[in-house]
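Shared chain: chain A. Partners: chain B in the first complex, chain C in the second.
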Partner chain A sequence: MGSQIAQAIAAGILGGGVYALMAAGLTLVFGVLDIINVAQGILVVLGAYLSYVLSVHLHIDLLLGLLITVPAMFVIGVVIYWLFIRPLRGAERTSMTLLACFAVALIIEGVLYREFGSNYVSLKASYISSSVHVLGFYLPDIYLIGFALAVVAIGALYLVLYRTTFGRTIRATMQNQTAARLIGIDVNRVAALTFGIGTAVTAIGGMVYGAISGGFTPNSGYDLISRLLAIVILAGMGSIGGALVAAVFMTTAEALVDIWQPDWSVAVFYLALVIILTIRPTGLFGRRAARAQ
Partner chain B sequence: MPDRLTPLLRPGGALVVLAVIAVFPLVFTNPTATNFGVVTLIFVAVCSAWNLFSGFSGYLSLGHAVFYGTGAYFLVVAANDWHVSGSAVFLLLPLAGIVAAIIAVPLGLVALRVRRHTFVVITIAFFFIAQLSASNLGVTGGSSGAIVPVPGNWSPATYNNPFYYMALIIAAATVALCWQVRRSRFGLQLRAIRDDEDRAAGLGVRAMPVKLTALVISAFITGMAGALWVYFIGEAFPQFVFDPLFDLAVVLMAFFGGLGTIAGPVLGALILEPTQLWLNLQQSNEYESQILFGALFLVVILFLPRGVLPTGAEYASALRARLLRRRGDQPAVPAQADAQTQADAQAAGSAS
Partner chain C sequence: MRSYSHRSRYLALGTCALLVTGLTAACGGSSGKSSGSSAPILIGTSLSLTGDFSTDGQAFERGYKLWESDVNAAGGINGRKVKLIILNDNSSPTQVDTNYTDLITVKHVNLTFGPFSSLLTAPAAVVAHRYGFAFIEGAGGSPLVFSEKLPNVFDVALPVANELDPFVNWVKSLSAGQKPATAAYPMANDPFATPQVQLAQSELQSAGVSTVYSKIFPEETPDYLPNADLVAAKKPQAVILGSTNVPTVASFMHGFQQQHFNPKVFIAAAGPDQGQAFVSAVGGAGNANGMMVPNAWYPGYPNATSQKMVQEYVSKYGGSASGVNADVAEAYSVGEVTAQAVKATGGTVGSKIIAYLHSGVTLSSVEGPVTFNSLGENLKAAAFIFQWQNGKFVQVLPLGAQGSVPIIYPKPNWGG
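This part shows the complex of A and B:
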């Protein structure tokens, strides 16, 4: 029992890293563009399928394939922003962009169904099946690799945000869009690139998700997006650091509940969300009281 | 010119539409046609009910499937446990509505504390909790589904008709209710909340009770509609009873017709639901219609953001103005055309 709990905690923390990465993309996009990209879940699945295609048909290693899938997802993100998000303006923009993202998600899901069918597929590589022996229990290598990837990607994200001029423009846009525009920042360009970055992380997230989930279908996007939304809301919308904490907390709690109640473990996400929001409507690390409608 | 006519025209038009819908199953006796009719009328009711809450208050709910599914499962369980069958099952519909309304109270108390995105996301979270519960609880039969007792002795030729008229009653009552609410002080309070909740609160609107009441009314109707729907299709599986596409379809219909209007959601449901059912019949694969549905959604959002009714009226008047301007070159005509455009825009505004 003790080692089972320790293993659940280890898997929860390591798996949480990947969710943190996907949630960071989501919350970054929210912070800059003030929209919720509900397509993030299906984009992760799309990233997983891209990795799958590369490894099965072109025999490119999953990790090497990231060099292709990450830029590809970046471009997809920029295109989605430019075609469907940018034209939406006006008072109803909030709800419109959310619905537009939902529609994009539906289309991607439909296309994935057409190309790959509804059967489960899984990613295969030597480091997915092997595992290391740590402190009396076994950890699959992919958990460690996935966690390392997530740490590197989040670290890179932080470097870009806090050490580059471009990162400065992003943060300026997050703080005050009008002021950013006034000092000469091309807000549209920043928004497009941010959406691209937020989408690019789904390539990494998708690869790791495809490897650790044991199998995925086009339908997996719903499960993912509901978890990711729970994480970013729990953390407080727009808080990247908060998303990391919330992601690790949620996946660990889920892994622990999973030991006794496998059927209900997903409910932990939503229950935690509901409880936190009744006590603190802005989330754990929310920046300010709910903005005016 | 239209000032004296429109107040008479509009209820008259509504009565004509109602009459046409009422005789529809007598003229088109083809079961496929009446089948489409039943589902479409259910969506008219749900869409209007959704609009009563989300369209009027501005709180976009993507979780109405929770109420729809709750009503549906209540009917399944109650009909099986109490051994109700035949037309008597229809008597359970108001009860199903009440159960959904009761569910709406705690959900509303939690969700309505937050606004905008966060509210939408919480409604989505509630939806997933409901779907998960339906798959895991014993009451619902889990993922293997549950069967509703079939009304055995109904003639196959007119089998759909009781469902059709039941759906029509619910839909017509819902539209009438929306119309009443819109004219009332309560409706005014809701729209004040939509425009600026803080200012409305400052002016003395007790926002929480008003929002919650609207949600509960909306949930009541949605629950009844869900119960009728499940009795009609005769079986209940968690993934169909709690269907994310249902939420989106309802929102799309309301947006398509015109959010916050009375006729908009009705029109949206009357146009889009048969279209979708027809597409499903044409395509052998579900994903084809899903891609089309998503594309249609994007087109509506990008090009008709305020819905067919308001945007269409604007396009029409702009076009008329341009035609008038082109026809005569004398300087007086453009001024007239502009005046006409403005009058049309006002008429469109008051219609919405």
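This part shows the complex of A and C:
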């Protein structure tokens, strides 16, 4: 039993890295723009399809392909912002952005259905089914890669946010958009770039998701969005580092419950979410704390 | 005052008459049209064209449409052409309920065909029953569907719980030295996957195969690594996986490879039957080698109408014969059985069709003979087990059955 628990914890921690990659963009976009991007699930799937296209049609390795998919998703993110989010104004902006993001999700899903159909497609690479033997456990290479990418991506986001001038403009925008405008920050530009960065990070999450999922369709995003939203709520909306901690907590809790009663694993996570939010309504690393860092 | 009272009474009577007429029209959707009419027979169905079941739903759509074009090319049924009305339920049990109500009460279809999956067939059958429609379907073979004991449900396919029967019988037939000593039964929480694996578990336990793992996991889990790890840790000689799609099987297979675990025998309820999509998802034919799956039909099924349907499918939709999904045959069979019932009863009256199908008559379909028991299960449905062998998907069980080739056992190692 002890080894099973240790294995479950290892699987949970590694799986958490994958979810953090998928959720980082969501929490960044909320932190800066106050937008709950419900299109995040389909953006993850879009990232997976881009990796698929490069892998199958151009025979580019999945990791190498990130050099193309990340900038491509950045551009897609900026375009989405300028076309669908930026024109929204007024008191109803927050609720309207929800609808706009939902529309974006439907459009992307429709395009993917048209291009790839409804059959499952999958990503291929030697490291998807291989593993390394560490301390008596086999740890899957793709999860180790996913966790490492999560640490690197979140670390890079942290450096951009807290060690660059651009990061200061982002944080100023996060704290108070009106004040940011008054001191000369082009809030629209910052917002567009932030949406682009959030979408670019999602490209990495999409590749890893595609590799571990065993197959995906344009519809797969719906299974992801509720989990990703739960992670960013647990982390505290806007907290990027918190997303990694919350994701690890979620997947580890699920993996542990799987040992005894797998059909309860999802319910236990959401129960834990409710309990934590009751005690700490702002989440583990609440929004106020996140913006004050 | 008196004349007002009379007017009120006439108004009330008139309203009642209108209501009765309306209800008769609605309830008698299957009986309201004259069988002698030359108007097309409207057949309504709800399919999962998007959502979780969209792969199967779209295959069903192709099967239904292929049957529609074939039957119309042959002059229709009783001289009437057929016209399909297909609504999308987005794989939602709630939407399927709405769709069938709409088809019957608003679009006034004459007949209904079933949706895809037991999960959607169960609520849809209740709606059809409410309006007196026979409900002939091809993908609702789970006990969940038959537990309601609705008299109008007829499933042309193999009852789900019996899908693994040939596999269980084969394991039982093995000598003590060959028989797997232990087995694991991970199952998705789904009315298709769970009943057949639970029945197999019960029978294999009775045959002396000890259970080392038996758990039900949520159906929509994006990450199966922890579940696969737990199974691998038990090192069972046989794995009977209650899967519903390719990703579930592929995830378990990747997980087993990562844990350097290879069972002697590995069968999955669904997934390996999905042709190239499966082979690609599991990393090639080497990894697929030895994987087994139950099914009631395959493109090489030795039946003349089945062969004709496969040829027509390929010429209409492209691809190759091996890529024709069993869903297509199930959908086509629904059309065939319906056509025979309409011809035999001389019309589309629901009660007559229901009585006819319960009469013990044997009908024909591309999946073989069809005879319904009192629950609407097809007693004559064939059950086969298929296996991937060196890149080919072949029938291996029942042993000695027409088309069966020798089984590969034990399963080769991954990549072998």
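Here is the rule we go by: the second predicted complex is superposed on the first by the 279 of 293 C-alpha atoms of A that agree within 3 Å, B and C clash if a C-alpha of one lies under 4 Å from a C-alpha of the other, contacts with A are read in each partner's own complex, and residues count from 1 in each chain.
Operating definition for what follows: a contact is a pair of C-beta atoms (placed from the backbone, for glycine too) under 8 Å apart; a residue touches a chain by one contact, two chains touch by 3 or more.
Quantities reported herein were computed from a predicted structural model and do not represent experimental measurements.
J.: After lining both complexes up on chain A, report clash or fit for chain B versus chain C.
T.: clash
J.: First (chain B), second (chain C), both or neither: which does A:92 touch?
T.: Only chain B; A:92 stays clear of chain C.
J.: A:277 contacts which: chain B (first), chain C (second), both, neither?
T.: first
J.: First (chain B), second (chain C), both or neither: which does A:147 touch?
T.: Touch status of A:147: no partner.
J.: A:255 contacts which: chain B (first), chain C (second), both, neither?
T.: In the superposition, A:255 touches chain C alone.
J.: Touch check for A:285: first (chain B), second (chain C), both, or neither?
T.: After superposing on A, A:285 lies clear of both chain B and chain C.
J.: Tell me the contact category for A:230 with respect to chain B and chain C: first, second, both or neither.
T.: A:230 contacts chain B only, not chain C.
J.: Touching A:114, do we find chain B (first), chain C (second), both, or neither?
T.: It touches chain B, and chain C stays clear.
J.: Name the contact category of A:266: first (chain B only), second (chain C only), both, or neither.
T.: After superposing on A, A:266 lies in contact with both chain B and chain C.
J.: Could you say whether A:102 touches chain B, chain C, both of them, or neither, answering first, second, both or neither?
T.: The answer is first: A:102 touches chain B but not chain C.
J.: Could you point to the stretch of chain C, among 116-124, 134-142 or 386-394, that collides with chain B in the superposition?
T.: Answer for the clashing stretch of chain C: 116-124.
J.: For chain A, what residues appear in both contact lists, the one with chain B and the one with chain C?
T.: 113, 222, 263, 266
J.: For the complex, which residues does chain B have touching chain A?
T.: 58, 60, 110, 113-118, 120-122, 124-126, 128-129, 132-133, 136, 194, 196-198, 244-245, 248, 251-252, 255, 259, 285-288, 290-291, 293-295, 297-298, 301-302, 305-306
J.: What does chain A use to touch chain C in their complex?
T.: 3-4, 7-8, 11-12, 14-15, 18, 113, 117-122, 124, 128-131, 138, 140-141, 143, 209, 212-217, 219-220, 222-224, 227, 251, 254-255, 258-259, 261-263, 265-266
J.: Mind listing the chain C positions that touch chain A in their complex?
T.: Interface residues on the chain C side: 49-52, 54-55, 57-58, 189, 215-218, 220-227, 229-230, 233, 245-251, 253-255, 257-260, 274, 277, 280-281, 283, 287, 414.
J.: Which residues, counting only chain A, touch chain B once they are in their complex?
T.: 30, 35-36, 38, 84, 87-88, 90, 92, 94-96, 98-100, 102-107, 109-111, 113-114, 222, 226, 229-230, 233, 237, 263-264, 266-267, 270-271, 273-274, 277-278, 281, 290-293
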